[in-house]
Amino acid sequence: MSLLQVEAVTRRFGGLSAVDNVSFGIEPGQVSAIIGPNGAGKTTLFNLVSGFLAPDSGRIHFDGSDITARAPHLIAARGIVRTFQLVQLFPDLTAHQNVEAGCHLRGGGGVWAALARTAKARRELDEAAEAARDLLSFVGLDARADVPASALPYGQQRLLEVARALAAAPKLLLLDEPAAGLNAVETEHLAQVIRAIIGRGITVLLIEHDMHFVMKLAAHIVVLDFGRKIAEGTPDQVQNSPAVLEAYLGGVDAGGVEAGGVDAGGVDAGGVDAGGVDANGVAAGSAEPAPEATRA
Amino acid sequence: MPDLTFLLQTLVSGIGTGCIYGLIGIGYCVIYNASGIVNFAQGMFVMLGGMLTHALLTRAGLPLPLAALCAIVLVAFTGVVMERLVVRPLWRRNATMFVMILATLAAQIVIERLTLIVAGDQPKTFPGFSEAAPFKIGGIAISVQLLWIAGVSLALVAGLAQFFARTRTGRAMRACAINREAAALQGIPVARMLGFAFALSAGLGAVAGILITPTQYTAFNVGVPFAISGFIAAIVGGFGSAGGAFAGGIMLGVAQALAIVMFGAGFKNVAALSILLVFLLARPAGLFGKAH
Amino acid sequence: MAGFKLSGIAATLCWLAGAVLVGYAFVSGGYLVTVLGFAALYAIFVTGLNFFMGYTGQVSFGQNAFAAIGGYTSAVLTTAFKWPVFAAMPLGIAAAALLALLIGYPTLRLRGHYLAMATLALGMIVQEIAVQWDSVTMGYTGIAAIPPLGAFGWELPHERAQLAALLAALALAVWISSRLKHSRIGHALAAIAGSEDAARALGIDVARYKLIAFVIAAVYAALAGSLFAHTVGFVSPEVFGLHMVVLGFTMLYVGGIGSVYGPLIGALIISLLPETFRSFKDYQDLAYGAALIVILIYAPKGLSSLATLWRARRAAAVKREGA
């Protein structure tokens, strides 16, 4: 039984189908990925699953219940928590406070509990603070706990957003281009973090342009093009699918394509390739690579 | 049930006031299109237009056309000064929309209070542009000032359309509206366009204030109500096109007139504000805009 | 919300100065008592404003509407209907809370300048009603001879006792503000202020929490309005005009938006400063407006942020020297 089941979901904007009759299932306990060229409908699909958009038709089931067109905060309460393509932190709060605020779903007190500061409310606050410390060290940001989110370098902002999403105790974590704009060292660290998340029993579904990253991490890949699903399967199956090669390379000489050569829509995905690791490694940690300008 | 003549009479005057709201509404759109800023001090230009014309008439003894012209120029200049002193420093710093609204509202209060100190709190008015007697069509009196209002407003709306379509500056401003970064890359001086938008918008407000004063009065505190009415006009029109804002203004003027007929003069503003709330809640994209 | 934390010497000095001022007022009586009472009233109003704008990052230019409802309910019930103060006051506050709930539910879906204009309109509507409904509100003239604070036929005897009552109300208001800020609710509000989409993605019911903050702000405003009526003994539409909102914003920005004690400091400074302008109300609003613009441009997080800036700069300088 799939954890997430997307059934014939369609969403149109004007006359254009951003997501067109897409179906797939996500199995628990592994990393899955949605790939596709720019404008393929990946983020729209995320918005549909997380409730930020309602589909025009089709159903979405999660963990045994129908979550189609539910409000985002209700879907989050069911266990689907997402990050954003353009990082959405709480800029004025510190890293620690960001994750603390993310612990909302772990507590339950209202106005009266807060005013009376009941034993339960106190315990919840303590637990949120404890969870925040734990999660920051989990993603390797424990040393930056008291830095305002807006003052963190870009790569650390990405990690902080992941830590904050984990604070909401998801069953399924949706990561929207988590490696975008990261250098090679940061990308490798992120991959480790994602594996560790799986180790915590949380399922991960991600959108990514960086093919190395996807092929290395994902057990299951869904490929979109112009809103349609054109392929689905293991990394090997997807790489050898004629439809995928067609979509990415426009039918150009398919013989020379290998895993590393499949590069999303011709976009240089953060300049990551094996040869660049040494050079990038020097600047790691201090560099603040800007997100690619080509992204919509 | 009020009789038909009275109703029609009220409607006619509602259209007149509506033209004024429309002009103010266009003022909002001009600045918003050039910068994404909603200038909450829009009403002060209307107030200043009337007050300055009155001052130039009575204190400097200028003839009305000259006084009006000078007032328009002075108010446009005030618009530029406000843009330089208040808006641009915040704009440069990418201040939040809320801070910008608050700052422009504070500017409104400052100018309002300055006017109160200089000119006192007595309402002022001046004669209409022509001294001809109102003429009657089937029992409905139409004042000549109303014709002036309608004529000047329509001429301005048409002129603006030509300006945005034909002139370099107008096109540049439209380019800013569509995409500011792209406009800047094409070498359009975006910051100067902002200053120009404030001048144009202030000038439009001044014209509105000068046109309306002979039919009612002006005073230091008419700014905020006019600002809200103009904003409603802009919203009803979809907050983008000049024509839409103008139509929105007329609709608002007529609706207010109907409210006066049905509930009494005291409910003029309540009616306007209720329309605002209804539109904000039910159709924020306006009558002509696409709902999103 | 990089809230301004009163820390160390500065905090002690501030509290000491405040305590001395209040102590002196109790001893000397007279004018200073009036000024401090005014500061306390506005501090309550601004603490409410801070809830909605500082903590939650929302916009309301219509808080004067709720102050007017609190003030007028108190005024009408205690004069025309001879209600006791302790009964009229809660009713005014409840009415304001109810209106905030009804208005807030649809209105708070709006964003940016739409929300700003809708709330501005709300303030204007209530003021307009106060003018037009003159059989109840006495129109422009206003309602005078409102009884002072008291209960069960016993009225607080003199102005110093009134001030004590105001300060007690303020202390309660600030205590609640602090409690809620440092709670699960406070965290949710801070999340909404930071990014509504992110808050939603983390399971926070944004609409509900915005409404909670709006209602709390309305309750504060109504309490301030009602206390104003019983302290000054007079209400009129003019009292609850737009200038009340601008004055509130000025105080909020002077003291530091988003911090628990910012409203206190802002209200105190602004109430003390323009005493020289007291007899010229027009100059007063002029000064507030101009000060607000200058603060927005040069110290967007309030005067207190200047101290933070200065500290950061000094820390950087020390670091440079050390390196």
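For clarity, chains are labelled A, B and C in written order, and residue numbers in each chain start from 1.
Just so we're on the same page, a contact is a pair of C-beta atoms (placed from the backbone, for glycine too) under 8 Å apart; a residue touches a chain by one contact, two chains touch by 3 or more.
Just so it is clear, the model here is predicted, and its values are computed rather than measured.
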item	value
Centroid-based (C-alpha) most distant chain relative to subunit B	A
Identity of the most central chain, Cα criterion	C
Centre distance in Å when subunit A and subunit B are each reduced to the mean of their C-alpha atoms	48
Centre-to-centre distance between subunit C and subunit A (centres being mean Cα positions), rounded to whole Å	42
Inter-centroid spacing, subunit C versus subunit B (mean Cα positions, whole Å)	32
Complex contact set, residues of subunit B against subunit C	38, 40, 86, 89-90, 93, 95, 97-99, 101-103, 105-107, 109-110, 113-114, 116-117, 224-225, 228, 231, 235, 266-267, 269-270, 273-274, 276-277, 280-281, 284
Touching residues on subunit C, where the partner in the complex is subunit B	53, 59, 61, 106-107, 109-110, 112-114, 116-118, 120-122, 124-125, 128-129, 131-132, 242-243, 246, 249, 282-283, 285-286, 288-290, 292-293, 296-297, 300
Subunit C - residues contacting subunit A, complex	1-2, 176, 179-180, 182-188, 190-191, 193-195, 197-206, 212, 258
Interface residues, subunit A side, partner subunit C - complex	50, 52, 71-73, 76-77, 81-84, 88-93, 97-98, 100-105, 107-111, 113-115, 117, 121, 124-125, 128, 148, 161, 164-165, 167-168
